[in-house]
Each structure stands twice: as C-alpha cells, then as structure tokens.
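Below is one structure. I have some questions about it.
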Amino acid sequence: MTKFDAVVNVLLKPGISDPQGQTIERALPALGYEGVQGVRVGKHIELSVEASSEEEAYARIQEMCERLLANPVIESYEVTVS
Amino acid sequence: MIHRDLGLTDEEYKAIQDRLGRDPSYTELAMYSVMWSEHCSYKSSRVHLRNLPTEGPHILVGPGEGAGIIEVAPGKAVAFKIESHNHPSFVEPVNGAATGVGGIVRDILSMGARPIALLDSLRFGPLDEARTRYLVDGVVHGISSYGNSIGVPTVGGEVVFEDCYAENPLVNVACLGVIDTKLMNGKATGPGNAVILIGSSTGRDGIGGASVLASAEFDDESHEKRPSVQVGDPFTEKLLIEACLELIREDLLVGFQDLGAGGISCPISEMTAKAGTGMTVRLDAVHLREPQMEPFEIMISESQERMMAVVEPGNVQRVLDICKKWGLHAGVVGRVDDGDAVKVVDGAGETIADVPAVSLADEGPVYERPYERPGWIDEIQAADPGDKEPPDLAQAFLDVLASPNVADKSWVWEQYDHMIFLGTVQGPGGDAAVIRLPDSDVAVAITADGHGRYCYLDPYEGARSAVVEAALNVACTGARPLAVTNCLNFGNPEKPDVMWQFAQAVEGIGDACKALGTPVTGGNVSFYNETSGRPIFPTPVIGMIGVLDRPDAAVGSALSGDGDVLLLLGDTDPADLGGSEFASRVHGVIAGRPPKVDLADARDMIDLLVEVAGSLSSAHDCSHGGVAISLAESAIAGGRGFDCDLPADHRFLFSESPARVVVSCAPDNARQVAEAAEKRGVTVQQIGTVGGTELRFGGFTVSLENAKHVAAHSLADALAGPTIAS
Amino acid sequence: MNPRVGVVVFPGSNCDLDAQKAFRDLGADVVSVWHDEETLPEVDVVVLPGGFAHGDYLRTGAIARFSPIMDAVRSFADAGGLLIGICNGFQILCEAGLLPGALRKNAGLKFLCKWVDLRVENASTPFTNAASPGDVLRIPINHFEGNWYAEPDVLDELKANDQIVLRYVDNPNGSLDDVAGICNPERNVFGLMPHPERACEALLGSTDGAVILRSILASSPSLVSAP
Amino acid sequence: MTKFDAVVNVLLKPGISDPQGQTIERALPALGYEGVQGVRVGKHIELSVEASSEEEAYARIQEMCERLLANPVIESYEVTVS
C-alpha cells in the first residue's frame, strides 16, 4: 500500500447559475479590477489515500466523488492524483 | 525578558517569583500570563466592579461563575451572560464572531443550562467603506452560521454605525439558557475524582489569544498576532451541548466548566481554587490536533469547543460512552488531588508545572489605575450640540429615518434563525424579544442596548441611559425588568482619561441598577479597544432580562388597531438633542450634553407599563430619533398610519428625552391608562389616533409607503456595495 | 390508537424537538430515533427534521444520507410508509435519491429566516389533504440552501405527475419554478424547505403549518384503519 | 490586451483547524473508505482576466486574492495562470 496525494475540484455544472461567482464578478470593477470574467466558485478538496497503485487510488477517489464529494445532479468534478 | 513577551510586567513577574519562592518554569509562566491577563483577571476593572449591586431576591448566582442565574418563576431558573469578541472579529470577522457565539454558549452550558436564545450587539464604522461592509457581512455571517447551526435562535440585538468603530468594531453576544435539570458548579471537589476533557482536539490555534489578542491594543504590527485566530466548528458545539446536557441529566458530573480564554489553565486552576483542592493534569492524555506541541502550548491553547468535567471514578466509563455516542472525543486528562496545587506532568512523568491553584485563579494583580476627568470633555460638552432648525422638517425626518442606526435591521436578523424552540413570541424588530421558555408557560423579555455616543459626551449619564433604555425596552412588552448583564467596551485602561470613563460608566450602571432594582448578575470587560492610539467611544452594553406573567400577554411595538388612541407618556425636554441621532445625521455633530435621566421617573414609567400592559395595543419607547421615529417605527411595523397633532418643532420631534414611551390603546382604555399614569405622576399627552395610510405628524405628512421604503432599504442598499478584506 | 410519529435525529439535527412538540400537541405519540439505529420502531410516519446534520459540512445532507438508519427509512418508504423531510430533511431526501433534484445556495447568498406564503398546488397528497388547491399557507423558511434545482426533463415529469405540492407565492431563494415542496410519484414521500412545525400556534404567528401536520396524522394507517 | 484563464485554490493555512475536512474524514470509514487522511476543504475559483502579459495577469489575481478572494489571515492561496 502506498499513500497517494490527491486533489478534487468540484464546480457547479456549466449552465447552472453560480451566484457566488456572479457576485464576485459584479464587485470587482468597483474595486478597480476591470476585465475579469467568467468567475466560478467551487470547492477544492485535498486528501491522501492508501492504494496499491495510482490507478486504484484514482478509481477510489472517483467513486468517492460520485457518492459523496460531489452531487452529480448539479456538480461536476475533476480528480488529480500525484 | 520572556515574561514581557508574554505580557507580564516586571512587577508581576516579581510577584510570581515571591509567591513560588523560585523562578517559574516557562510553562508556569505561560499559565500565569494567561490567568493574570486583563481578560481573565479583571486586574484593572475589579476595584470598580465591586461597587455594582449584585444581590436581589431573584438572583440565585451572581457574578463570578460562568453565568448569572436568575429565578424567573418558582422552580424556573435561567442563565444570562454577555461576552465580547471584538478583536478577533476585526481580524477575521466570520470566525471571530462565530467563536464569540461559541464561547458565550459554553458559558451558559457550564451552568447546566440549555442555551435557548442569543442577542448580538454590533458596532461598526461608516458603511461607505468597503472594509466596513466586509466586516458587517462577515460578522453577521459568522453569527448566523454558528448560531443557526447549533440551533440557538438569535432573537434580538442592535447594530450601530459610528466612525470611532471603523478600526475597532464591537461584537458583543449575550446568551440566555434555561436550567435543564440541575444547576452545575465549577468546582473540582473530591480528591480522587477524574478530570475529563470533552470535545475538540487541542491545537496551536488561539495560543496567546488571551494575553496577546484581547489584552493589548492594535497597532501596525498586529499582523503578527493574527495566527491566533480560530475557526469555529458549530457542529462539534452542537454535539457538545447535547452530550453535556445528557451527562448532567444522568447526574454524572461533580463539577463542570468551559474552556475559553486561558485554555486548559483556566478551568484547572479556577475549579480547584473554588473547591480548595489540587489537581494533576497529564499532558500526554490531552487529545492533540498537531504533533509535537510544546507543553506550554497545550496549557494555554484556546482551541474551541471544549469542556472540562470532574467525574467520580465509578462514572467515568459511562461519561466516555455517552460522549462516544455523540461522536465526541473525551478522555481522562487528570485527577483531583488533596492539597492545593495545580500540577502538570508530561508523558515521561516529569513535573512541568506545580503551583498553588489560588495563585493562578485568585491572586492575580489588582490595579487601582489612576483616572482623571479629561479636559476635552468640558470643551465637547460646551460645544454646539447640533440643535439648529433644519431647512425642511419632513426631509429631516426622512434623513433620520434613513440613518443606518435607525433603519430597519431585517437585513441582519433575517439571516438568523430566530424561531427555533417554538418559543419566539416576539422576535427581532420590536423593543425586547419575548421568549416562552421550553415546556412552560413562563415568558421572559430580553434586550441588549448601549449608547456609545452619550457615554462619550458623559460616561456617567450615558451609562445610566443605557440601563434605562434596556429596562424600558423590556417593560414595553409588559415584562418586569429583573436583572442585568453587562459588557464594558473601553479603550486602554492605562490611560487616565479612559479609566475615568470606565469608573464613571460603572458608577452610572450601579446607580441605575440600584434605582431600578435590577442587580448585575455578571458580564465582561473588554479593554484596549483602540487602534493606533485612538480609543472607541466608551461603550457599556446592557443586557436586561424581565419576566411576563403570561406569554400571550406580551405587548408589541406595532400599531394594531385603527381608531386606537396614541398617548405619549413621559416628559419631553426640547433641549435634549445633545448626542442625538438628529444632531449627528442632520448636522453632522456629536457634542453637547446627553439627556439626563431621572431614575425615579424611569422607575415610575416601568411600573406603569407593567401595570397597564393588559390595556395596551402597542408600546414603543422613544430612543434614537425621538418621538417622531418611535411613531414611525410603530406605524411601519403595524402597516397602518396615524393622525397626530404634534408641534412642528424639530426640538420636540427629535428630542431624545429619556424614559418616554408612545403607547396606543382602544379608546375605551385611554381613560384608565391616563389615570394610572397620573397616579404615578407620569405625564400623559394624547397625541393622535391610529389609522390611514399616512404618517400625519401635524406639521408635515409622509406617506406610510414612502416611510416604509426608506426604512427598509437604507441598510440593505448601503450594504450592497462591494466588500474588501484588507 | 394515536398515530405514531418517529422523528429521526442525526448528529447536528436541531429541529427534532420542535417537530416532536408540534406533532404531540396535535395528538400523536412521538418517538425519537437515533441515526445510528438500523431499524425503525413501529411508526406510521417518519420525519427527517430540520437542522445541520453533520454540520452540513461538504454539502447539506451529503453525509447524513449514509447514516445506518437510512436503509430502514428507505425500506419504510418503499413499503408505502409516510415519510416527510423538513428543510434539512428535504435536503437529505434529495441527496439520498428519495426525491428528485438538489438544493443549492439561496440566490441571494444569504441565510433566510422569515415568513413566506406558500400556495398549495396539490391537495390530494397525504401531506396536504386538509387543504384545498390554491390555499395560501403562511409558514416560515429557515435555510441557506433552499434553492431547488432539477434537470428540465425531471421538472417536466414532476409537473406532469402533479408532484409539485407547494410553491412560493413570492420566491425567496431562486428555487426553480418556485418549488417549495415536492413529493414522489407514489405520494408517500414529501420534502419541503419551509418549517410547518413552526406555524402550529397562533401565539407564534400562524397555525397554517398545522394544516400539513394534521393532513399527515389523518392519513396515518393507525387512524385510517381504526374502527 | 490578452485574455488569460486562471485558477485560484484557497485553503485554510496549515495549523488552522479545518472542521469540514475533519468531519468528512471521520465519515469516510463508515462509507467503506478506509485509509483516507488529511482531508482539507477550501475554495476553487476559476476566472479569466485581461492583461498585457501573463506576469501582469498573475500579479493582478494575486492582489485580488489578498484583498478579496481570500482572507490572508487564515487562508493561503495558489494562483495558476494559463
């Protein structure tokens, strides 16, 4: 068993409005930041898992995402294992 | 000079050496530094606080314990207390405010009470600054996320905006609890009993919070102090509440105390000092969040969401099992000893600290700090109070109504669960909140009020006004005011003028509480509210609790019956514009003398309100903005206008003469109310009738629609602008 | 025999006592069920109450839906038992797939505790049959994540099946199609964001919530089958 | 002016307790995921900015993080521009 570090980023699916991102985007010009667009806010999760291979680690985290870390109705996610 | 880095003076260090007859170890020194800090020892305030009245027939426990205990009905006791979290909230508003809620809730819990209501008293700088908006947003979010999650309703409070709080906001939170089954005490009795630490693990967060964060003023180096901020964990706090109440219900605890400022050092020394016992604590038994913590770090870490219990050996397993059921960590970290020493032992069995418990808990320094009435106070009192006639009376009214200090605060309180427990008979938006205690027919009214502006102009008068306003807010609901808790927010006590403000304010509170028969059951002192040498306005905040005969007898502030008669109770002095909302809002002036309260009049007014409550449709005191604003607020709340015949004189309309109330009642009741008032020597004026869709003041008229819009939107609009963290 | 109501308590639930009181005041026998149990006691109705199960950390309801009791709750519902999720309970039901959709943060990004008006869209469910279609109920909301969402086809299906039980008259949180409460196709599982248990006493501002609680009790097998 | 896409990940600083991460970590074994450790939860922000160079884009976002996107008192952040 080896320990793998992983990162999971979860975002609202494209097409689902993201009020957090919109609020930030709207506030920026007044603070002197022009030209910022497409702000989207999601979750960044770091964790480490034990697995016998990188593939296995990836597969396990993928499954955790499906079941727990993201809600597939509204969210999409991205897993990186290192 | 390590003791200086820890905030101890050379004299204090010498006192420790003398007491121990040797040099303290580093861990011991750290323990003294937190326990002898201003925050834990009240070294600058104690000599003054001694003069506050603390006894009364309803007071079961006064100052000195986790919270005051008040008997509100035969066999029904409540715990009530207020705390500040000013500095942490400035540094990190969300978590600073959240952990402030957590701390006061554990104070209440430590008495064996279930926390059932919160009040938040907030003060910020001007709203046109992005950084202020960031603080408001964060603080409200912090209180909301924590209070809502632990399931304790936030039922009232105040929000004030004033330039002096820009760099030093005030976040005071009061909590009300009801004794669940048994009143607990914080005593480590019974040598041989186990000492159990329950709740979160202990980490490096909040190290030196007591000595560094809360007890020294901010300066440009405060960045370095920042890591002592903690993140609140309301989920663990909720489990802690339920688990601990279950432990108390099963009668498994001998002694019980929360961990707040001072970390573990605080309960181990205070519980033993109170019981006349000793205690040995094993460091390796403390559940740590981080490896390799130094002994001193473990002893003073202020990690949140922890409680300490003293348990008979035979009950230890049961206690651990119940904690486990709730998913909480709990472990035996020590035992109660004969003797009087607090001992800390490391994993190797080596003694790291061994000091008399009372030396930490009770023998801290007591200072009689020099104080002196400052020269500037005469100048400011003699200056123009801002009482000139405004160009347009109706416009002046709308300006005052739109002041963020006056306007509708629902932007804030709609973010708070204010209904859970099915007891909120009157929530935020009126005078005091009225709460029916769970499983009972007993209702209490609670409020928190301060008046920094008046206190700046005259701390003695201002403090008295705050007590009277709080009592009136309670009495307007028909409740009889019973007891007070107070949070004293001041600048640097080492400055004689700040110390003078403090002494004056405490005297004012004492005099008012004596006159009103509402003893002080506890509170909190927050000094060093200064940034770069500029102190805040002296700001005592008064938490007041009263009791009603029946929950359904509560009187609201909203006008409720067309055709009702409007009566103004109390005397109006047109000269009472010093420090008023009118002067500040219309003329930009904070000067002159604040209104002077006649305590006997205030007492008569309270007695009158309690007596005639059953005959009233509404009651609302005149505070910020005077009778004009009081009328408008009642009209907006009730969704109906009025027709009054008031003098077209700004000095009458906006005067903030204290101890005045606008009541409405059915015409048939007017005679009786007036007679009751006359009997008590309270001036009554019939000023108009309820009804219509306009606010007809006599000299001018504003539509209800417009007034409502102005009041409802000014705060929300001001807060809609962008926010910035730093 | 009185209807029997089981109120599930998750770590972090906080409206469980309120739900118990409201049902008890209406004549039900109430038991509380700890989330760690694997079986339900004999009950007619299961309530998943409001609160912050597991702190709502990560996502509302995300962890709670894995509690041991949830298998029994699912079987109870599969067998036709009446299951209601209030606020956090609704969020848990959605996470568990017992009701469709998901609850996002309120559009205004603020927690909201206030009175709202709800229109009864479907009065022929066991949860609303004491009301008439079109009735407006005044009941408080109390949530940060009440902004319901579902894919367009799911929404169409719900509409076609009359599964939208309550709509906001004045949408406070951005919820899709003003949805405040929905049921499953079989009409025995119901989730709503507002708190009916908070509106069962005139002293607290409204008794409209009791319309929902009374519907449930009147539909419970113990009463229905009583002679 | 060119448009640069950027990602900002914000996490609580090490040493500051992360109740969310801890709660998830405690919940995982019950779901059948053993051996997961060090769970930390933060924010994942995606945005695009206009700037004359990648360096400038980076610097502007860095500043936005300090002032708006993170609270440097308790959070650390990481900016990637592409």
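Note that the chains are named A, B, C and D in the order they appear, and that numbering of residues resets to 1 at the start of each chain.
By definition in this document, contacts are C-beta pairs under 8 Å (C-beta built on N, C-alpha and C of every residue); 3 or more make two chains touch, one makes a residue touch a chain.
Since the structure is predicted, the reported quantities are computational estimates derived from the model, not experimental observations.
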Which of A-C and C-D has more C-beta contact pairs: A-C
Message: I'd like the Å distance between the centres of chain A and chain D, where a centre is the mean of that chain's Cα atoms.
response: 10
- prompt: Just curious, how far off is chain C from chain B if you go by their C-alpha centres, in Å?
  reply: 36
Message: I'd like to verify one number: the distance from the centre of chain A to the centre of chain C, where each centre is the average of its C-alpha atoms, in whole angstrom.
response: 30
Interface hub residues of chain A, defined as touching at least two other chains: 27-28, 31, 43, 68-69
Chain B, residues touching no fewer than two other chains: 233, 235-236, 327, 723-724
Message: Going by the contact rule already set, what residues in chain C reach two or more other chains?
response: 54-55, 57-58, 63, 66
Task: Between the chains shown, work out who touches whom and classify the graph as line, ring, star, complete or other.
output: complete
- line: As the complex stands, chain C meets chain D at residues 54-55, 57-58, 63, 66
- prompt: Mind pulling up the chain D residues that touch chain A in the complex?
  reply: 1, 3, 9-11, 21, 24-25, 27-28, 31, 33-51, 60, 64, 67-69
Field: Partner chain A, residues of chain B touching it in the complex
entry: 130, 721-724
Complex contact set, residues of chain B against chain D: 91-92, 94-95, 200-201, 203-205, 226-227, 229-233, 235-236, 289-290, 303, 327, 723-726
- line: Within their complex, chain D touches chain C through residues 19-20, 23-24, 27, 30-31, 41
